[in-house]
Amino acid sequence: MSNHVYKVVEIVGTSSKSIEDAIQKGISRAGSSLRHIGWFEVVGTRGHVEDDHVVHYQVTMKVGFRMESDG
Amino acid sequence: MSNHVYKVVEIVGTSSKSIEDAIQKGISRAGSSLRHIGWFEVVGTRGHVEDDHVVHYQVTMKVGFRMESDG
Amino acid sequence: MSNHVYKVVEIVGTSSKSIEDAIQKGISRAGSSLRHIGWFEVVGTRGHVEDDHVVHYQVTMKVGFRMESDG
Amino acid sequence: MSNHVYKVVEIVGTSSKSIEDAIQKGISRAGSSLRHIGWFEVVGTRGHVEDDHVVHYQVTMKVGFRMESDG
Amino acid sequence: MSNHVYKVVEIVGTSSKSIEDAIQKGISRAGSSLRHIGWFEVVGTRGHVEDDHVVHYQVTMKVGFRMESDG
Amino acid sequence: MSNHVYKVVEIVGTSSKSIEDAIQKGISRAGSSLRHIGWFEVVGTRGHVEDDHVVHYQVTMKVGFRMESDG
Amino acid sequence: MSNHVYKVVEIVGTSSKSIEDAIQKGISRAGSSLRHIGWFEVVGTRGHVEDDHVVHYQVTMKVGFRMESDG
Amino acid sequence: MSNHVYKVVEIVGTSSKSIEDAIQKGISRAGSSLRHIGWFEVVGTRGHVEDDHVVHYQVTMKVGFRMESDG
Amino acid sequence: MSNHVYKVVEIVGTSSKSIEDAIQKGISRAGSSLRHIGWFEVVGTRGHVEDDHVVHYQVTMKVGFRMESDG
Amino acid sequence: MSNHVYKVVEIVGTSSKSIEDAIQKGISRAGSSLRHIGWFEVVGTRGHVEDDHVVHYQVTMKVGFRMESDG
Amino acid sequence: MSNHVYKVVEIVGTSSKSIEDAIQKGISRAGSSLRHIGWFEVVGTRGHVEDDHVVHYQVTMKVGFRMESDG
Amino acid sequence: MSNHVYKVVEIVGTSSKSIEDAIQKGISRAGSSLRHIGWFEVVGTRGHVEDDHVVHYQVTMKVGFRMESDG
């Protein structure tokens, strides 16, 4: 981490399967437009309920990645 | 969400299996007395430990449901 | 407030008009089933957006009311 | 705590005597309509003042109780 | 919300008129560069004062929108 | 903001009309004894309810002003 | 609370006896220079320890009072 | 406090009598294994309830003590 | 919980598999040096990402255990 | 700290040089009108930026001082 | 601040020298891709340690800039 | 970070010179009894004031280190 600068973006991953799957799905999608993702931090776990069943986990997370240097 | 009013109650679901199972068990039980549950938000994840093993996950969550209109 | 006990419930009022209207709509609906509502406290202000316009304000609030004494 | 589900409600107990008395008064009143109260957690301590004397302590607390099973 | 991923950005809308107008102005401007904005959440309400009058409300909010799928 | 020092005080403005009016009323009153008020930040929005109607908005806010230099 | 404006100040009351006594001592002292104190809210409870005994409770609280109108 | 280093540990004191007694009991026990305890800060107040009576106050607190210098 | 005193320590459990596994791994390791662990509380969920995949969940938690009595 | 009462005020110190200098400048200015300042606590660190350079650090802090006894 | 809209992004600046240097380095890098940066707010200060020495300060901050108007 | 477990302790470093020096002094002292310290996170910055001058910075921080494996 020698004098690098990092950016942190907030995303919401969703999954009908599990909290871990929602995290991975969010990171996979974010990774298609961001390079160098290095870590995540969960900041909220919610979900959608229908007929008393969880139909989607919605995990809000901060995702950090290294900004590439200029020039 | 056209001019509806929602109520939010706090429950603790427990499970010896997983965090997701504790969430679902809490919602299932809440759903037996509340209609129209639409969402949940996790506000705390704790657990009970015996002999260095997690014997129960205890997930505190807010559960939101639409209040039926009067008359 | 002489030795009374109060209960606090959480509701979400919605309105397409304003934050104040969402608060009032929530309290009116809560008041149809609760007596003695005395105060509210806003704990979150969100909204739904369509075509870059706010179509509903959603105000989450705590609503306090005096519990009637027993017998 | 084997797979039970708990509900958490928020109340405000008041007392002119002490914080502990406000807690107990709140729980006593809540217990007249709720069964199986198992714990409380203080979330706020306020009070009313007249002529520079505390005339009432107002203790806001979460109160948890086990939901009875169905059927 | 079937397995979509959402992004959340933070903006500050300002208005000399009202809090609601500051929210709408912020979303209108954000919508000129982001598609699919679905919700906002207020995270701070401040303002600028001159000669004891509020000259601008400054509403900081999180704005969420669906990320379009790849390819 | 060249090496100035600012002081921040907490006030509660009230109004039967709107949140914005409560903010302005609080600042007007504070301005009668403080000079150089420059900004405010809302830290709480509550209200008093009678017969299921909001009779007063109570907006708690921090108000910042520049301390005049000595001598 | 008809359109009044309130001010909130932060004080620390101390007592070797109890938390309640520290609150009352703080309010008594504040009341010697402020008129119309109406409420307090505890924001922190600390204490000083010597030889494994609590020698002073230090209760930080917000104290609210009505600002007198001008002229 | 001249260039000393302090350590902070978290403990839960319990008492069937009062919040103050729970604090003192926690500090007495901590003091049997730690030297130089200088302060505490309450971070949570909970309790156990049976038959609608508080049977134990559980006060979570941070306890600070000076680390002795080396060699 | 009759007048016992508890200690709370903070640990970070890691796992490449799941959040639950990270919790269990942390408790297993803590249990090798602490006796009487009774509960945990999650205070943060982060993770390490490589090539857009979560390679480790890192769950920060508070772990509580009963202090044995002296002598 | 024998039964004294303390007051806590919030100030913002600014400096173009460093965070420590902003703290000291704020305390120096506050000390010109308050006696017995004993401690500070940083509650926010912001700054003003021009042409991608920090031109002022703005450190918001609580400053505590002993209230002199009456007469 | 006349009806402008601002955007806030989160970055982490790092430096082996000081907290202030980490802030400046983060802003310099952010400024290479963002115009009109006007302010920052520190939201976290961490660091990396090797052989009991701080080898990098890592300062997480929100950075605000004015969005240019359209067309 | 392959399946390691980390412990986090809270310390207060003090220095009459700077915030960075207080951090380093705290870590140096902690390192004399703990091995493998890897990171710190600042959780509070306070200070002691005499005659309107900061005489000590007191930086409260969490310090994380890898727990050595058993056996």
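As written, the chains take the letters A, B, C, D, E, F, G, H, I, J, K and L, and residue 1 is the first residue of each chain.
Just so it is clear, a contact is a pair of C-beta atoms (placed from the backbone, for glycine too) under 8 Å apart; a residue touches a chain by one contact, two chains touch by 3 or more.
What you see is a predicted model; the values in this text were computed from it and never measured.
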Shared interface numbering between subunit D and subunit C [over half = same, under half = different]: different
Maximum centroid distance from subunit I, chain identifier (CA atoms): F
Chain centre separation (subunit E, subunit J; CA means) in Å: 32
Whole-Å gap between the CA centroids of subunit A and subunit E: 21
Rounded Å distance between subunit G and subunit H, as computed from the means of their C-alpha atoms: 23
Centroid spacing, where centroids are CA-atom means, of subunit F and subunit I in whole angstrom: 44
Residues of subunit H engaged with two or more neighbouring chains: 9-10, 19, 30, 48
Interchain contacts (touch definition) - all pairs: A-B, A-E, A-I, A-K, B-C, B-D, B-I, C-D, C-E, C-F, D-G, D-H, E-F, E-K, F-G, F-J, G-H, G-J, H-I, H-L, I-L, J-K, J-L, K-L
Of all residues in subunit J, those that touch subunit F in their complex: 9-16, 25-26, 29-30, 32, 48, 56, 58, 60
Of all residues in subunit J, those that touch subunit K in their complex: 18-19, 44-49, 52-54, 57
Subunit G residues within the subunit D interface of the complex: 19-20, 23-24, 27-28, 30-31, 37-42, 63
Subunit G to subunit F touching residues, read off their complex: 1-10, 62, 64, 67, 69-70
